[in-house]
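For clarity, chains are labelled A, B, C and D in written order, and residue numbers in each chain start from 1.
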Amino acid sequence: MKIGILTSGGDCPGLNAVIRGAVLTGDTVYESEFVGFVDGWRGVESGEVIPLPRRKVRGIGRTGGTILGTSRWNPFHGGADGAAAVARSMEETEVDALIAIGGDGTLFTAHRLAQRGIPIVGVPKTVDNDLDATDYTFGFNTAVEIATESLDRLRTTGDSHHRCMVAEVMGRSAGWIALHSGMASGAHVICIPEFPLSIQEICDFVTARMRRQPRRSPLVVVAEGFTPSDASESFSDYELDEFGRPVLGGVAQKLAPIIEERTGIESRATVLGHIQRGGAPTAYDRILATRFGMAAVQLVHAGAFGRMVSLRGTSVVDVPLSDAIDSVKTVPRERWDEVRRLFG
Amino acid sequence: MKIGILTSGGDCPGLNAVIRGAVLTGDTVYESEFVGFVDGWRGVESGEVIPLPRRKVRGIGRTGGTILGTSRWNPFHGGADGAAAVARSMEETEVDALIAIGGDGTLFTAHRLAQRGIPIVGVPKTVDNDLDATDYTFGFNTAVEIATESLDRLRTTGDSHHRCMVAEVMGRSAGWIALHSGMASGAHVICIPEFPLSIQEICDFVTARMRRQPRRSPLVVVAEGFTPSDASESFSDYELDEFGRPVLGGVAQKLAPIIEERTGIESRATVLGHIQRGGAPTAYDRILATRFGMAAVQLVHAGAFGRMVSLRGTSVVDVPLSDAIDSVKTVPRERWDEVRRLFG
Amino acid sequence: MKIGILTSGGDCPGLNAVIRGAVLTGDTVYESEFVGFVDGWRGVESGEVIPLPRRKVRGIGRTGGTILGTSRWNPFHGGADGAAAVARSMEETEVDALIAIGGDGTLFTAHRLAQRGIPIVGVPKTVDNDLDATDYTFGFNTAVEIATESLDRLRTTGDSHHRCMVAEVMGRSAGWIALHSGMASGAHVICIPEFPLSIQEICDFVTARMRRQPRRSPLVVVAEGFTPSDASESFSDYELDEFGRPVLGGVAQKLAPIIEERTGIESRATVLGHIQRGGAPTAYDRILATRFGMAAVQLVHAGAFGRMVSLRGTSVVDVPLSDAIDSVKTVPRERWDEVRRLFG
Amino acid sequence: MKIGILTSGGDCPGLNAVIRGAVLTGDTVYESEFVGFVDGWRGVESGEVIPLPRRKVRGIGRTGGTILGTSRWNPFHGGADGAAAVARSMEETEVDALIAIGGDGTLFTAHRLAQRGIPIVGVPKTVDNDLDATDYTFGFNTAVEIATESLDRLRTTGDSHHRCMVAEVMGRSAGWIALHSGMASGAHVICIPEFPLSIQEICDFVTARMRRQPRRSPLVVVAEGFTPSDASESFSDYELDEFGRPVLGGVAQKLAPIIEERTGIESRATVLGHIQRGGAPTAYDRILATRFGMAAVQLVHAGAFGRMVSLRGTSVVDVPLSDAIDSVKTVPRERWDEVRRLFG
């Protein structure tokens, strides 16, 4: 059996470990052959593949990014008959089944393809941890560790200068990275899209922290998708990207000067940006990604098309690809109430 | 309400985060007062306490070890009437309830005390991840990350010198740290107590790895509690500690020369030892430990004595302390079969 | 003898190690007593001091920032008679001599005070490595390691998406951090204030890199103080801070879209910002800072006022404070020629 | 011109950066061609080479070990006419000049070869920092950072359990790694071969530290080549390796039980071992190694055979290979006196 793998959407630490896990398992257990489609769906459409023999994946589990390249392409783009295009490509490349590694968009595409008879399974990927179909995916753990290490660093500068440090982390529609890195670094305020604080509440926390003895620098962690509940005009003009989503780097730089003006406490913005999603994955993400890759190959060989791998508790299970659709996993009320107790 | 906290048994990254989570929650939500018993049960017995006001726990969530100190003491030691001693100490120190943070021994002691009417709740702690009553505890994630980083380092030396590197990690009765760090670092053989390979099998993997192109150095990860299934005389004379358990540092140093002799491949042993359990906890462990500490205080205020906090999936729940007894969580067959597919 | 220590200017990893080195040496060798002035010169002027007994400095050598606080105050500010004010404060606080830890501004102030008879010695501090009076100072090594780790992470995202990553690091008048972190991470173009490339040259390097096989993502490292030699209008409107210097975060965000427009290669800007100067110092910086602190106390006890400690080769020596004035250490031609050979 | 590169002796972080620096410079500036001899002198003797085109060295500067392999071979071994053998191999492989990267043994061999007319230049390598012919070499900085991070971890376990932690680091004839990592981690006693303390002195420091308030765990750092000045019988029976040097892992395990017995303080030994010399080099080492590789190629093209590159202050210079012979750089008296002031 010849299996084609593709990685699609934003890069994420662990993609290469998925590829390695799949290839090693396929080679050892099933004697499958593997190829990788170059740059996600774009490579599927154009039929551009690279062979993936066992030796090609040696050592890549410890590396960031994806050796296959990625893009934001989509075979149904512009109303195209995506399934026909994919089927044609598979025939040309003699690929019998597909493993698609990607986020909600990719998994939705995979679902549509499976419905049209394409033999495909999915591996969920989201740095933001916003997919309800799995407890966690790889990449999130790495992002939280990097963000936390950076927040620990910002704190010492804040304390030395008696400044309020405002740090922006990833998270457009879900505040998981802000919640976790904020808890881990002992942030005094955490701003997430799900439970928007008002500017006044934020300033009140900042002021309260600064007044308490021993004096400590207020540390504010804000998810990139956060908008204050009493959003002033400054927040109405987010620069938007091609998908109409706020551009990374907007919110902390808007928030810091407002905090400084209202509280009189010198404030500085830092945008962690792309360093959160690059580089070597943590051991946690390497393991999860490896297990996902191994399980995906088993799904293929079991003929369980239209399904995706998923983590539930400590077990890797499989669920329908449709579970990944229309189900953004946001921070629930109880986790917000929990973290609120640590503020101030 | 005045709550006494104690940490008992081997130290573990995250203990301080538990203490901080408990104190901040108690202070914010319940206006509880906290004291810490010095050096675990020894401090309970002697009534030696230190006050734990809010400012005392600021910043400690990011630090390793325990600010309270720890010991391997036990109030029932030598047939003593532990419950009476603890009750007397609580009266003298005016402590209304106890939070005991510790491993299976400590939780068993807490269970016995609860049965005798002592108002006590438990927080599970095990670097080895060998407690069945919870999916994970804090400390394990940190240990795996440290071990993995060390294994990544050993690999380059092995590759440069064409040596077989044998690394010993923690894990007396359960091979979780070996399993996870071995998977994360791409080890070629993983030796755990649950599924003992024979020396011959280990040597076969080592030789096979060395012969395959491109030539790569064999990396063998071995849990400290491993004994080969065909244990030679060399393995029968483990040095034992006070509890009759093999002393850390025995097995890799026995295994490496045997591998070298049988395969003709130069082999070197490294014992990671105490660096696996010290120092700053990972963000993952800080978060889990903080949530455990917060939940423990809620158990106390709910009067749910005789219970302990536990992680199930992504939720912190509570279970009876008796769940922690006689239930070592070993690596199950399916995880072993899974990792075996990656060997060689 | 009672010695007062102050830290002034921007914070820097290693300040606490200087303080610890001074106090431990003074305590062990000279039986000196120490106090710290709060928030730099501001504390000197107001006479706000905290005692610095031996136990107060235990463990601080491993921490970032400064336990004394810092500010950008200056006793000669606004034409004030700084020497008189400092002398009065020393009398009130019964301080016999001062150790001033700071950058060129602070050292210039110390020089002026010494000329007016104040018993003061200096310890040089500059994250940017732009002081000619010493081979290196503490903080620079930490900043380069942090920047390099971040650049390593950006590279994997660039490679996966075939993007040009533009990373901005610290360095207003000197490009040392860009030079070193760029060399260490294998950047394809390094932009420093001393040897300004034109936008066209930068784009040529970027295009050349992208065209060569195997295709690799261009990585551009740019010092915050860089202006292209053919600076377009976009570069003429740097936002300036209170000292008339370009605000951190300006240049990469200007450069990336220009590169994208001219080369057709998708480009992304990242500003590392404050994470470069916060958090735990590297071992290198802890050692250098400790040695500087120890040597400063020896200068005080030798009565060598008006002098500062300095690293020459592997030796800590002392030089006149006047050496630190008007002598910005920029990247010399031979280091630029050297790194140019690695471009493209 | 065709240049052959070899790496010889123990592996060391930075070897690959030297190779990369040489190849990139040779390619860009001189249009030289490069080959690598496999496994050091063994490959020179057997004429086993691998081509080193520019693309082969891309990205390797960030990796540990050596892509060329290494061994402890020596062409003069057993009285052989090494120069004739090397000359013959160079002729067969059409190599015009050699760059030998290695420690004192390798540099001595290179010196002998140069004296016999072989066109060869040297690059010094020593993790232990024990070569007098250069201020520092690559690898040492990485080793100190790894050791320091491990010592920081051991400290928290020591403090929690009130134990004395004894950590053994590399350093057979020179105590540089112990000196630097001990200073950086704030160790209470540092034991180096150059200035042997007696067991009684060590125990006195340990006891003094434990008695002082606040109670802190004594941390003892010991170089592997240390022998107490009053060496008991236990220290007379070091296991020796093939070169008659004490085997790594001997001294801490001898010292800890003696300390425990004499002071009554529970003591634990940890041997850091091979993790100190493997894995990714620090930015510092990548830069130094890159500069060394670049400079070595320039020496070759200048015909400066019989010379080696060297760091003096911040400059890369060149010195005769004979400077590397018979000149072990040990810790000098003033550095020992300096660190002694921090003990206890």
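The working rule: a contact is a pair of C-beta atoms (placed from the backbone, for glycine too) under 8 Å apart; a residue touches a chain by one contact, two chains touch by 3 or more.
Remember, it's a predicted structure, so these values are computed and weren't measured experimentally.
J.: Count of steps on the shortest touching-chain route from subunit B to subunit C?
T.: The least step count works out to 2.
J.: Hey, which one of C-D, A-B or A-C is the same interface as B-D, over half the contact pairs lining up?
T.: That interface is repeated by A-C.
J.: Centroid from C-alpha atoms only, then distance subunit A to subunit B, rounded to Å. What do you get?
T.: 30
J.: I'd like to verify one number: the distance from the centre of subunit A to the centre of subunit C, where each centre is the average of its C-alpha atoms, in whole angstrom.
T.: 34
J.: From the mean C-alpha coordinate of subunit A to that of subunit D, what's the distance rounded to whole Å?
T.: Each chain reduced to its C-alpha mean, subunit A and subunit D end up 41 Å apart.
J.: Could you say which residues in subunit D touch two or more other chains, in rising order?
T.: Within subunit D, residues 149, 152 contact more than one other chain.
J.: Sort the chain contact graph into one of these: line, ring, star, complete or other.
T.: Here the contact pattern is a ring, one closed loop where every chain has two partners.
J.: Provide the full list of chain pairs in touch.
T.: The set of touching chain pairs is A-B, A-C, B-D, C-D.
J.: How about subunit D: which of its residues touch subunit C in the complex?
T.: For subunit D paired with subunit C, touching residues are 21, 24-25, 28-29, 55, 58-59, 61-62, 135-136, 141, 144-145, 147-149, 152, 180-181, 183-186, 213-214, 216, 282-284, 286-287, 290-291, 294, 312-314, 338, 341-342, 344.
J.: Which positions of subunit B touch subunit D when the two form their complex?
T.: Where subunit B meets subunit D, its residues are 7, 10-11, 13, 15, 39, 63-66, 69-71, 146, 149-150, 152-157, 159-162, 165, 268, 270-275, 277-279.
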